[in-house]
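There are two complexes below, and they share subunit A, which is joined by subunit B in the first and by subunit C in the second.
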Partner chain A sequence: MDEATAITVILVVIFFPIIMTPILMSVSDRSEKLRDILAVVTSAITFLLVLTLYPFVVRGGIVQHTFFEILPNLEISIRLDVLSFSLTAIASFIWLLSTIYSIDYMAKEHGGSRYYPVLMFTLGSCLGIFLAGDFFTLFVFFELMSLISYILVVHEETEEALKAGYKYLVMTIIGGLALFFGIIITFELGGTVSFGVGSIIEEGTLIAFLAFMCFLIGFGMKAGMFPLHVWLPDAHPVAPSPASALLSGVMLKTGAYGLFRVIFNAFSIEVMQTNNWDIVLGVLAVITILLGSAVALTQNDLKRRLAYSSVGMMGYVLLGLSVLNENAIIGAVFHIFCHAIMKSCLFLAAGAIIWKTGKRTISELGSIGREMPFTMACFSIAALAMIGIPPLSGFLSKWTLGLGALDANATFYVIVLLISSLLNALYYLPIIVPAFFEMVGDEEQGHALKLSVQDVPPKMLAPMIILAIFTVIFGLSPINVPFDLSQMTSDFLLKGGWF
Partner chain B sequence: MELTNHFPALILAILLGISFLSPILYRWARKASAPALIASLFLALVMAVYLLVQVLQVGEFTYYMGGWPPPWGIEFKVNLLRVYMLLIVLAVSLWIMVYALKDLEHELKTEVMGWYYTLYALVVGSMAGMALTNDLFNLFVLMEICAISACAIISIKEDRACLEASFKYLILSAMGTGCFLLGVAMIYMVTGQMNYDLVNAALPEAVELYPNNMFAAAALFIVAFGTKAALFPLHVWLPDAHASAPSPSSAMLSGLVIKIYAFALFIMFYQLFPRSLLESIPLNEIVLWLSSMGIMFGSIFAMVQVDLKKMLAYSSIGQIGYVFLGIGLDDIIAMTGGFYHLLVHAIMKSMLFMCAGIIIYTTGIRQIKQLGGIGQVLPITMIAFTIGSASMIGIPGTGGLISKWYLALGALEIGRPIFVVIILASSLLNAVYYMPIIVNAFMQQEQFQHQVKPVPRKMLIPLIVGMAAIIFFGVFSRPAIVLLDEALALFF
Partner chain C sequence: MVVTFNTLVPLYLVLLPMLTGILLYLFPKDRLLIHKVGAMVVSLFSMIGVIWLLPYVLQGEIFCGLTKFMELGLYFSIDLISWIFASLITLVYFLVILFSFSYMDQDHNPRRYYSFLFFTLGAILGVVFAGDFFSFFIFFEILTLSSFVLVIHKQDRDSLQAGSLYLYMNIIGGLALLFAILLLYDKSGHLDMIPVLEELGAQRLPILFLFMICFGIKIGLVPFHIWAPPAYSAAPSPVTVVMAGIMSKVGIYGILRVSLILFRPADGGSVSDWIFIFNSGYILMWIGIVTMIGGALMALLQSNTRRILAYSSISQVGYIAAGLGVAVFMGLEGAKGFTGALYHIANHTVFKAGLFTMIGVVYLLTHELDLSRLGGMARKMPLVTVTFVITALGIAGIPGFNGFTSKILLHNAMLEAYKHYDIYGIFVAERFFIIAGALTICYLIKLFKGVFLGPVPGKLDQDYKMPVSASIALVVYAILVLGVGVLPNLLLERLLIPGAQLLDFSAYNIEHLPGFDFYEWFPLQKALVVVLLALFIYMPASARGWFDWTPPSWLSIQKLIFEPLWNLVLKFLFREINVNDMALGQFYEHPVKENLQTEYLSDMEVVQDPADDETGQSAYYISGKGLDRGRHLEKDFYCSPRWDQCKWRVENLGFDTLLFAFVLAVILFIAFLYVN
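Here is the complex of A and B:
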């Protein structure tokens, strides 16, 4: 594949789902079935097209292409390198599975004619973020995705959802404005905001620090970084479960991706380290990790607990970004992969439980594993991976992050990782263990292990099982594509990340 | 003598001519009166486009009214910036008029319709004149025409609120023109000239001889144009006037009339007064801080409003602040942003007032609280409202972002990031009062309670044009920005 073809593919990947939005809208009046199929086909085609870029990227191919200048020196451009490919691939993959899962899940819910078009539009704009070639294009898609996904957040239209949605909206706009400020300062200092020129700002002046903080607010808000995470535990649980999976599994990553671009393209590792900006990030990361996990412990609502867990998990990525050596970056990128897979698996499983039984609180979930063994098996695998049990994928990412921290002589970070793993265990195990081992029935009847399997339909089960299998495969198996991609990304970024 | 040479005067003549003809036409050939007004606005617009082409080819040129050169005759100056302003005035007023055709039937008594057309043409004509004139006294006359007809256009509904508002406007506006006249008199006393260029040539010497008088003149001009353009804290007349007027009038007053005075102040600062005067006293600084306060307070006042049109009116106070911010920052990039905002805000605020007009037309609702669920019954109107609000907030893809980008860039250029913070904070405030309306309109569970009349197509088409324009100027902003850069380069 040459560069011209790659550009075409990238454009199709971004705009095909967006173009399908009105089509889905018009179809949904006529046939719901056709609409569902079209939605799945759209996300499947998008995913397959993304995969065709794989050989090109692995060969070290880079695309940086400008379409037109929106203002002098401010352009709309696209970029494909190994970092953006990794994110694009995992995003479109999770999206495909969530869309398949949605078919049965949303059949019970209202407003499907709004849900699917919005879902596809969000997919297009999300991939646009990952494939943007400069900060301005990224900003455009970032705002587009954030604002459109508001409709997913408030889909249920309950009082609670609207309240959470409003919080989300306000935070999104604050974040967007901070980003805007950051981009303007970058443009003013460097004369460009393109990713194709290496580090735009080379000196850590006060105004550059202001830009860094603005970026940190803008992207950190999206990534659920402390203290800007307040919207996340409200907004993620109220959305329909497949949308929660995407919000937590994919859309959080756009914030992390943005920080990668800020650190490596707007600034550089040297600027970060000589000015001690990495310490700012490190402190925030540690607080995010510990706070997210600790608060998750106190939650009794299943989806809320998962949402707080997301806050903690994104802290790992931030931690990798603050350490900034080879292993740490591998760990950060790989953790993006792992967390996307694990967390969407967990949210889909939680959705399945809610869909089938209507139970949302954790105390009600005793012995659910005997009613829904497959769902709970997937949940358990993903939860164990979250804790970091070998040989599951979460272990590998924590291990690599830990190695990175040790390379940088930051033993403290390793301790933080261990404490947070312990906390993870403390809040996941009390869900899993009673689910399988709690006795039902009273003393006289004996503790019969009643097994009455009433699991969800295969279209909902399949995505979960696939995700659970991937959690296992991407652990310690010899063929580990995401890990290879993470290594390539790390090499690429440490060499400058722009050529 | 070619006809095309007289286009600057002809634009004015056509608009003033139709204003006299309108009542007659309305009496004798009622059906022809509205098309005649639209046709003459269109004709004026075509001429303005021709002027633009001419300016792009030959550069700046002047036109002597009646062939009399200054200092005796009135001079019209045609350069890029003035044509830019002229085009905005004519295009937006034509667009609003198309919308007004249907709306006015609903809001006005039939016997005053002909007079409304007269007033409309007078306001547009005087604004076009203000954009072109190069003569202080001529500017004063046009300002008076504009102020009086604007007052009448508010009070034409003849209800209590309108009369009260227009009376308030009349008094403050008269105070503004009074200040202006006083300033002009002071300048005439020391220079003996009325023509901008001649005054400009004579002023450096005059400033040395009579510094206090000239400072006073400059200060009076700020008060005069500040009052007219609703620069904080001289904005008190605006909310009532703009909210109680018929919706097309509100659109025009908020979209255009306040802008033309900001433009006039710019011309005063950068063409009339010599740089030395502006550098010796911090006039820019005053404008800068007043506009910043306007930006913040306009938005804060807007948040507490319960009436939709009043909220939009307060929002205008904040938005005109951006234009003044461009002038105050005294930097070509910021100025580009200010003037771009002038264009974008003219479109978006007019469109928002049109949306409000349609809501009032179809349901009779003015209260923001009652708008829950209205998105289901008026989808296109509320989508237009959403796009207009998005542009107010500065969401990417809309014109509002581009002007904010340039203003912020200009503020950074001169090393004052505090104003970027003000711009961003006000964007956030805009979001705080626009977003709930949109969210409630589309996301309310219960059905919309009120009776809804069908929306006439003549009202929807202007809305669609407006949406397209906002997005067009958000995405393809480059030509306008390049044009503005070239236009403003003349003044720096």
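Here is the complex of A and C:
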């Protein structure tokens, strides 16, 4: 594949789902079945097109293409490198599974004709973020995705959802403004905001720090970083479960991706480390990890607990970004992969439980594993991976992050990671263990209780099972594509991250 | 000359039970015969497989590696020490399977039981075959999870509670192990089980400490033993056999690998290295002494048969830890302590598994665990009584039975250490060793008297039919106990001394060991002293009823240390974090506190009367009434003073929001100045 083809593919990947949005809208009036099929086909085609870019990227190919300039040096451009590709691939993959899952899930819910077009539009804008070639283009897609996904958050239209959605909207606007401000400062200082020129700002002046803080607010808000995470535990649980899986599994990663770009393209590792900005990030990351895990422990709503767990887990990525050495970056990128897979699996499984039984609180979930063994098996595998039990994939990312922290002589970070693992165990195991082993009724009755399997339909089960299998494979398999991609990303970023 | 055999056999030996475990779960539940035959064949096959490796491990070590596994590689290596553990494990597992045939006929869900039993076997074999600490860690974690399912097999309240304590403590142990190997990897760049003490530098103490926490939890060293008694009394009988006989040895194996191989200087070593080794060994010995005395004392005070044996297990593992401690601090001359510890590992596996099986058989037939409700079983179950006496004499250290041999070796090693270093502490430790031996006899007398002697309680006065397969297992245990006692030097010379030669002990020291005369006057005299001391303690104490005293619940380590710690964390730390998080959420909340829509909805709900559903016009009625009432409310609301509080006015914005806006404005202003 040469560069011209790659550009075409990238354009199609971004705009095909967006173009499909009105088509889906018009179709959904006529036939719901056709609408569902079209939505799945759209996301499947997008995913396959992304996969065709893989050989190009593995060979070391980079696309940086400008379409036109809005102002002098303020461009609309696209970029593909190994970092963009990693996130694009995992995002479109999770999106495909989530769309498949939605078919049966949304059949019970209202407003499907609104849901699918919005889902596809969000896919396009989300991939646009990952494939943008400069901060301005990224910003445009970022705002598009944030605003459109509001509709996903408030889909249930309950009072709770509207309230959470309002919070989400306000925070998104604050974040967007901060981001825009950061971009303006960067443009003013460096004369460009393109990703194709190496580090734009090379001196850590106060104004540069201001830009960094603005970026941190904008992207950190999206990634659920500590003082700005408050929208997340409200907004993620109220959305329909496949949308929660995407919000937690994919859209959080746009914030982390933005921070990657800020650190390596707007600034550089030297700027970060000589001015001690990495310590700012590190402190916030540590607080995020501990707070997310500790608060998750006290939640009794299943999806809320998962949402707080997401806060803690994104802290891992931020921790890797603050350490900034080879192993830490491998760990951070690989953790993005792992967390996307694990958390989507968890949210889909939680959604299946809610869909089937209507139970949301954790204390009600005793012996649910007898009714829904496959769902709970997927949930358990993903949760064990979250805790970091080897040989599942979550362990590998924790191990690499820990090694990175030790390479930087930051033993404290390792302790934080381990405490967080313990807290993960403390809030995930009390879901899993009663689900399989708690007796219902008195002892005699419980012994006689037969396994009455009433699991969800296969279209909902299949995505969960696929995700659970990938959780195992990405830990065990000798050919570990995400880990290799993470290693390539790390090499690429440490060499400057732009050529 | 050490020969390395490159073969995949270790991998097969680990995978075979694991795959069997998965396969057994796939067979239908009601075809129990398949499960039984499968369990029998596979456990026999693993045992034969391990024994078949003996000629190879005597010449060198067996190695296999999957280098691409999880980026670090999965390595197996079997040397003689691993082989000794593996052969004990598979032997006891075979006997456990025999016992399970009888036991599981009465319990629920045997399919899950057999399945996880085999998965656990695979994990245990993986741990002892592991060639580096990463593989060790992987199997260690798998072992924790799969054995958890066995512990809570009953699924009642007690077992779930005991199981979660077991699980969480072991997960903490696993995290400590992870931290230790991370630090180890960072310092030395590899995770092989070879001497690396010089490379560790200042990190050696934290690493050793973390390893000890992990293994201490696994084997139940004081003060990490709190999970053991509840878990032992909650688990099914065959599982207690596995836990006491086998899983505690996994932790011992870890201590052995870490303290005698990893924490050794690669060549010579400096003085400070050896001082570090001496101190760590000395502390390990004292932890062992405290564990053996504490365990024995606690065993004396129990009235539940399984709890007695659980504490006895803790106490006996203390012997092993003390022996390893002696071996460590004696440095190059610790061969005797090491062989003693290794011998006691083998003996303890046999007699403790045996005792748990016998108590398990009594439980199986009578469904009683409490000493006060048992009695007179000697007449009802003669076979159990005879084998119990033989095994108990083994654990008590009576000449002619197996425990005697290893205890004498350990005792001898301690005396030698005292002679060598002339430190008074070692002398005191040796006295404690004798006392612990006496206490062991005391609780065994108590256990024997409670279960087998005295009148038969009325409820239990019936004829019992001994299960056949369990009887076979009992006889095998008794034969093993007697066999080792009669031929003490066979095992020592054929296996244990070659095992000691694998380590860096001086050849001179090892040469003394073959032909060790167990039955000369000095050891026999020691055994006699222990027995007399035991009688001296037991008779007055039991006459006054001291053994029936129950310690107040606040005196336990759980109540004194762990619960306050946990409460502090949960009540204080987590609550603070939560409160702060909630406050943070409110900071961003809508400044207008009351929401018009909320008012609407709540009033609509009041209007809806369930009785209205009966009539056909309910929907119409509700909507109309609701609308009216809504309009009414709206009017009321706009006229009320509360509307003033809800409007977007500066005085209605919360203080937090104003502060936030102010800070934002200042930042923007400064930025504006800079940009210009």
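Heads up, the rule we're going with is that the second predicted complex is superposed on the first by the 493 of 499 C-alpha atoms of A that agree within 3 Å, B and C clash if a C-alpha of one lies under 4 Å from a C-alpha of the other, contacts with A are read in each partner's own complex, and residues count from 1 in each chain.
Heads up, the rule we're going with is that contacts are C-beta pairs under 8 Å (C-beta built on N, C-alpha and C of every residue); 3 or more make two chains touch, one makes a residue touch a chain.
What you see is a predicted model; the values in this text were computed from it and never measured.
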Subject >> subunit B versus subunit C, judged by how many residues of subunit A each one touches >> reply: C
**OP:** Check whether A:207 is in contact with subunit B, with subunit C, with both or with neither, and answer first, second, both or neither.
**Re:** both
Original post:
Where does A:140 make contact in the superposed view: on subunit B (first), on subunit C (second), on both, or on neither?
Top reply: first
**OP:** Classify the contacts of A:38 with the two partner chains as first (subunit B alone), second (subunit C alone), both, or neither.
**Re:** neither
**OP:** Please indicate which partner A:170 is in contact with in the superposed arrangement: first for subunit B, second for subunit C, both, or neither.
**Re:** both
Original post:
Who does A:493 touch here: subunit B (first), subunit C (second), both, or neither?
Top reply: neither
Original post:
First (subunit B), second (subunit C), both or neither: which does A:432 touch?
Top reply: neither
**OP:** Give one of first, second, both or neither to describe whether A:72 is in contact with subunit B, with subunit C, with both, or with none.
**Re:** first
Original post:
Looking at the overlay, does A:188 come into contact with subunit B only (first), subunit C only (second), both, or neither?
Top reply: both
**OP:** Would you mind listing the overlap between the subunit B footprint and the subunit C footprint on subunit A?
**Re:** 162, 166, 170, 181, 184-185, 188, 207, 210
**OP:** Could you pull out which subunit A residues touch subunit C in their complex?
**Re:** 159, 162-163, 166-167, 170-171, 181, 184-185, 188, 206-207, 210, 227, 230-231, 234, 290-291, 294-295, 297-298, 384, 387-391, 395-396, 399, 402-403, 406-407, 411, 414-415, 418, 421-422, 425-426, 429-430, 433-434, 437-439, 443, 446-447, 475-476, 478-480, 483
Subject >> subunit B to subunit A touching residues, read off their complex >> reply: 393-397, 401-402, 404-406, 408-409, 412-413, 417, 420-421, 424, 427-428, 431-432, 435-436, 439, 443, 445, 475-478, 481-482
Original post:
In the complex formed with subunit A, which residues of subunit C make contact?
Top reply: 66, 68-71, 108, 137-138, 141-142, 145, 149, 152, 155-156, 160, 163-164, 167-168, 171-172, 175, 178-179, 182-183, 185-186, 573-574, 577-578, 580-581, 584-585, 587-590, 595, 597-598, 601, 667-668, 670-671, 674-675
Original post:
Mind pulling up the subunit A residues that touch subunit B in the complex?
Top reply: 68-72, 74, 136, 139-140, 143-144, 147, 154, 157, 162, 165-166, 169-170, 173-174, 176-178, 180-181, 184-185, 187-188, 207, 210
